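The same chain A turns up in both complexes below, where it pairs with chain B and then with chain C.
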Partner chain A sequence: MVEEKVRSALEKAREKVLEEKDYVMEVVRYLHEEFDGYAPPEALELAAHLLEVPPSRLYEIATFYSLYTLKKEAKHVISVCASLPCHVAGGREIIETLRKELGIDFGQVTPDGMFKLEEVGCLGRCDTSPNMMIDGTLYRNLTPEKVVAILEAYRKGVIE
Partner chain B sequence: MRVTIDGKEYTFDRPMTVLEAAKSVGVYIPTLCYHPAVESIGACRMCVVEIEGSPKLHTACTTMIRDGMVIKTNTERVQRARRVNTELLLSVHPNDCMTCDANGHCALQDLAYKFQIKESRWGTRLRNLPIDDSHPLILRDLNKCIQCQLCVRVCDEIQQMSIYSMVNRGAESLPQPDMTDKLGESDCVSCGACATICPVGAIVEKPSIGKARWWEVKKVKTTCPYCGVGCQLDVYYDPHKNEIVRIYASEENPEINDGVLTCVKGKFGYEFVTSPDRLKKPLIRKGDKFVEATWEEALDYAAEGILRVKEKYGPDAIGVLSSAKCTNEENYLMQKLARAVIGTNNVDHCARLCHASTVTGLAMTLGSAAMSNNLSDILKANVIFIIGANPTENHPVYGARIKRAVRKYGAKLIVADPRKIELAKMADIHLQHRPGTDTALISAMMKVIIDEKLYDEDFIKQRTKGFEELAQSLKDLDIDWAAEVTGVPKDLIVKAARMYATAERAAILYAMGITQHANGTMNVAALADLAMMTGNFGKEGTGVNPLRGQNNVQGACDMGALPNVFPGYQKVEDENVRKRFEEFWGVPLPPKAGMALTDMFMHPEKIKAMIIMAENPAVSDPNSKHVEEFLAGLEFYVSMDLFMNESNRFAHVILPAASAFEKDGTFTNTERRIVRVRKVLEPMGDSKPDWWIIKELSKRLGYEMEYSHPSEIMEEIRKITPIYAGVTYERIEKKGLQWPVKDLEHPGTPILHKDRFNFPDGKGRFIPIDIKLPPELPDEEYPFYLTTGRMLYHFHTGTMTRRVKGINKIVPKSYMEISPEDAEKLGIRDGDVVKVTSRRGSIYIHARVSDRMQKGVVFIPFHFAESRANILTGDILDPKARIPSFKVAAVKIEKAEGVTEVQPPEYVKKVLQDQ
Partner chain C sequence: MKIKVAADPKSVLEGSLEIANYFGYLSGVHHVQVDVERDANLGSCVGGILVDVGGEKYRVKDKKEAARLFVQGVILRKKVEDLVVKKVLPPEEARITQEVPIVKRNFGKYRDIDGYISLGGYEALKKALKMKPEKVVEEVKNSGLRGRGGAGFPTGLKWESALKEKSSEKFVVCNADEGEPGTFKDRVIIEEDPHALIEGMIISAYAVGASKGYIYIRGEYSDVAENLKKAISEAYDKGFLGEDILGSGFDFELVLRFGGGSYIAGEETALLESIEGRAARSRFKPPYPTQKGLFGKPTVVNNVETLVKVPWIILNGAEQYKKYGTESSPGTKLFSICGKANKRVVVELPLGVTLREIVYAYGEGVYGEGELAMVQTGGKAGTFVSKEKIDVKLDFDAVKEGVSLGSGAIVLIDDKSTFLDIALNVIEFFEHESCGKCTPCREGMFLMKKIVSKMVEEGKIDYDALQEIERIVLIMKDSSLCGLGQSVHNPMISLIRMLERGEVA
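Now for the complex of A and B:
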């Protein structure tokens, strides 16, 4: 089961890769996808073994990027941008709303295990700031009202 | 290049960094993340300097000097930047220097003191991380980490294990082993380089904690007493307690151990020195018991016993076993004792068991029985062909360098080994041949090279003799047959042959997988043939390079602790040579070569007394039961040793010897480099250096030896040994010298056979091939190949490493590696006890199911007295080298019903229990 997913991630990453050294980067990304939002250590280890690279290479990538996680801690991971362009475009209010609505701070998980809140540096879409991302889906031009509605949609299972 | 540093102008003749330049002229620039052994990354910003014409500050460790550069290392702006950086580090650093093991040896503490920072202006916010206590030898407290990444880099660049990476990001990023953040759960090989290089107290040596403060210790540089690499060590010891506190690699000798690297044995394997088991008084056997005696009594008793046997049976009834563990000076005296004092050439040592075939095989072909190249130039090789050697375990520091040659410098790697050893996993080609089929494999490669005309015609013509005869001997060799016999697919043999032959520079490395066979000499000669036909001699990154096993096995051979040669491989049976020695030593000498130790043990009717220095043949020699019977049957047996062991329990007198950390002398490492051994501690109890013991014994045997220090012995050695003629203690003080060192001006010889081979006509000799398979092969009754060898954590018969607590926590007991297929077939699970039986005897041992093994082959390391591999091995000898066939025996394996545990010896249990 783990092995199937790892092999599939390696294959998908292989198609994407332009340079050999990017390969491990892409592998971590696809592992994250294969395991539905996290990259378990045993998968990283197996991937390293198959790639014949030290496991530490994958471990450092998986822990470096805040979009990646080694444990499934919540059903959905909310990554909200806290850098300047989002901040001046109303991002501060977005973060406030998230904190209030979820009742948690950065790095924490809601008691029902539904959401984890993560602070990220930039999502690369400053033109549509303020932005946040939930499980890889980008939400743009946010307002506090939009945030409340989006969270509600996830809670009700309208968005999976 | 003219460069101004702090107002003074200097000239530099080569490119270097600002930091190196400043250092070389005595200008101090503080650093945290810099170490000469690894690449600089400019991470800590502590070495910043001002450079005229540039607006920003530059890191001295990554900025190269330029002509006309004006550097200011000490301006107010520089000081301010350094101070702020120090304060930032201190803002997360616990202020607990009082109990920190780095106190007095801490780069951060030094800076805080220099800037007189009592507390960071931003206050202190500790990381509150748990301490990583998972590794038996290394403790990590990342609350103290300054994120310099030296541990990450040394593990990656030098040790080539890449256990650590910087995990998480930004201010939180810290060096962690993969996946669990626990070092004890990683693939760490316990080399301890991370603890050596850590500039603060974040990674420390666990056995050293609480032993002594840094200002209480003194430092002595010496040579590691374990393998033949001969790592240069800085030993820190407490002179009041007379004990070693910790060991670092010396920064002075990067050509040997990279200025930073040790293996687990070199770094942590010193506790045996102060073990309570050390023999502290001479012992004389009285009935079944040993009784303590004075030195006078014991030496008189030993001399009387030897004289008694000599009178009764003649000098040739006495055998002298010298030792590759002892110094050159001691080996020289030991063979002198045998030849000049007792009057026999029956002197030998454990090289008989490891590289005797190297001595014969290389002398026959190249004229010099040693590594042709050196440890550093492997980084220049384009192709490395390793056969029958497992350097990452048995020569670990060199093994790491081989990995660097492959990973960093792009050398292609061919590994021929019956086991899937670590290097095989990273090899371009792994030839997983059956044990004992080496000649067939090498010959098939030569056959391909000849058939495809890939040989070096010019080299063969100008530098060698006998190629036609060699080609003739290979004419009828069928490569398909070789493929079948070796079990290696034909296309792989062909590929390997082409890869080796077409490389511009190809190096052969080998060890006991080649030598420990009944046809060991042929194996070695075949490798020399292969290298000669492809012209792989005389250049960097080429050659035929035996990796010698023990610390001074090269030196013990050089010193003539062999039955057929005097020091410097001068033949005993050559009359002119003998005359010279007779004059030099002032006594007549026996004209006939003596017996090899393997022969001595097989002839109890001839050998009636033995003097054995620092050897444990009952565990290390083949067919142990027979060896025990031999030792027990001796009329007189003098032992010189650190401990009681499985052999000297049969002795009549045991003379307690000082260890390598308790005496002066020299070792010669595997690259022929003569290096200093220095006294660190006072000898334990009444123990004495072996050279002193031999000298005293000699006196009592009627031959005065007068030396007050080993340097005087070296003076004598160099006068009679042409290859050591230019060796003096002054000359080898820092770097050592590689023999031949022809006179006092000669700079030594990093590469042998540059223009000529060591024969009168200068030409190398091809030796025709004669393929012989091992004398004992698996059959119906004994269906498995047994191959024996060594492993990373233990050494030889275990008497030293099995007295080191942390090492025993990692590897407490013996084991046998077996393939998963065979294990399944026999119903054996990992950890089960099995009974292994050969025609010589049986042992019980724990099974380790391992995919390193091929089907039908099992491996047992020979370090463990409770599961003695050598009870199983046979004593069939190579006809020339008299080396036994350790690498191939036939065994049967049964599950040992009802036995769940093989108990280690009592002393090992005690080590594990002691706090």
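Now for the complex of A and C:
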């Protein structure tokens, strides 16, 4: 099962290669796709073995970059923009609402394992701030009311 | 009920569109239906904005007065005696710089490569392939084009230095890792005109003698990247990419690579590390990427906006490009207007445009109850500019007056934001994004966060501690490895100066 996914990630990452090992980052990206949001250590190690690179190389990528992670800590990951353009345009209130509604702070997971809350630098959608992303889906022009409704939709499974 | 707001150029530059937007906001808040009209022929007045409510002419100085006029004049339909204007003057002319669509030339005009070709797409490539690479470099050099990612390095010089390198292999890389907060212009370019970017890259590769290229796009733009992927495959199908392009004997392979969510990956050497499959940590310079870049080979790294300008320059010539902008900063620049702005858009204006024009004519001032307090220009590592300095001309020289152009981010901030609120936001961002490789940056951020967090907790500003922050950012400026640590003094010092002048609380 793991091996299948790793081989599939490798194949996709190798779709177009210009230089030897120019696709190492892509491997980690596709592992996240295969494993639905994370790259488990055993998959990283197998991928490193198949790539003929030290496992530390893939671990470094999976831990350095904010979109990548070694374990699935929650069903949904909320990445809310904490940067100034969002912050001054109502982002402050969005973050307050998220903290209050979820009862957790940045980097924490709700007790039911439903949500993890993360702050991100800038999502590059400052024309529709405040913004947040849940599992890669973008939510723009947020208001506290919208945030409450969106969380409710995830809780009820209306959005998977 | 009809409200007319003066919209002659002079009134616009004094913030009349902000007032017009505010009336719209108030009508929403009070659930009162009003028709707000912007009238360029209404006239003007001294010391405020001319407003006509039901035929009566008023002068409003600020939003407080506008709100009073709305409640008394519009809702209660009374005459507001003290706001009645004494003397109505004719509409007044003023210079408002108009948009020049060079980068935006094809926005909204095509859907696929055939559409792009029918607009004259890939003609610049055909022209360039008939020129000697040296000539292409010379044309770009003569245009005075400077990098649009933030640093403003002359593009032609960068290309020339790569062209001169003797190497069996060279690379061109497009930096589409747009992570500078308040900047979204490159995303809009990729959405609207991906082929101009590809054409610019092929020309740059031909000019410097590279046969391979990468577009490094941030992972957060994976939806946007679909458009680029499609465009690249179209360009391959039509023979603009691949072997023997248009029968010229020139080969060029182009591939897309994704970032993993890291601000510092936008720094060019960190970006190269990332393509090589490592953490995005900056390299020591020299050697510069043009000497020893990707996989140790000469490499040119250019921003999206820079590359999109190249086909235009090749087709229209350097002289034509230099007709716009200023002597030190020729051409146009995309500005991403955001934050508390009424209109959050990307505009393309000749350099030398004033901040006032961008803020009031294009951004239409700040939304809601607050008044404009300051603008952050150039990105998170850019400068805070107070309302008093809003007449500054924006170009690469503005930095001498303490205003950075950077990536063209224009973040409007209203007076609801306090010094501590902004300072903590800035520091938390950089502390989060510092890669940790060099000590001054890693420890400096940590220290500053501690200092400011303490002030936030105590709810008061400690001026001695601010001196300590100034000391830290200056040490970081002198001793950090890359632009991240080196430029934190921009926002911090400009913000502290505003506090000292009483321009922020």
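Note that in this section the second predicted complex is superposed on the first by the 153 of 160 C-alpha atoms of A that agree within 3 Å, B and C clash if a C-alpha of one lies under 4 Å from a C-alpha of the other, contacts with A are read in each partner's own complex, and residues count from 1 in each chain.
Basically, contacts are C-beta pairs under 8 Å (C-beta built on N, C-alpha and C of every residue); 3 or more make two chains touch, one makes a residue touch a chain.
Quick caveat, the model's predicted, so the values are computed rather than measured.
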In the superposed arrangement, does A:129 touch chain B (first), chain C (second), both or neither? second
Contacts for A:67 in the overlay, against chain B (first) and chain C (second): which applies, first, second, both or neither? second
Touch test for A:41: chain B only (first), chain C only (second), both, or neither? first
In the overlay, answer first, second, both or neither for which of chain B and chain C A:151 touches. neither
Touch check for A:59: first (chain B), second (chain C), both, or neither? first
In this superposition, the partner of chain A with more touched residues, chain B or chain C, is C
Taking the superposition on A as described, I'd like to know which of chain B and chain C A:87 touches: first, second, both or neither. second
May I ask you to decide whether A:10 touches chain B, chain C, both, or neither, giving the answer as first, second, both or neither? neither
Common interface residues of chain A - those touching chain B in one complex and chain C in the other: 57, 60, 64-66
Complex contacts: residues of chain A adjacent to chain B: 41, 44-45, 48, 52, 54-60, 63-66
Contact footprint of chain A on chain C as seen in their complex: 178-184, 187, 212, 214, 218-223, 253, 255, 257-263, 274-280, 294-295, 336, 338-340, 344-346, 367, 376, 380, 409, 411-414, 416-417, 421-422, 425-426, 428-429, 432-433, 435
Complex contact set, residues of chain B against chain A: 156, 161-169, 173, 176-180, 425-426
For a test of understanding, state which residues of chain A touch chain C in their complex under the given definition. 16-19, 21-26, 28-29, 53, 57, 60-61, 64-68, 82-85, 87-89, 92, 119-129, 133, 136, 138
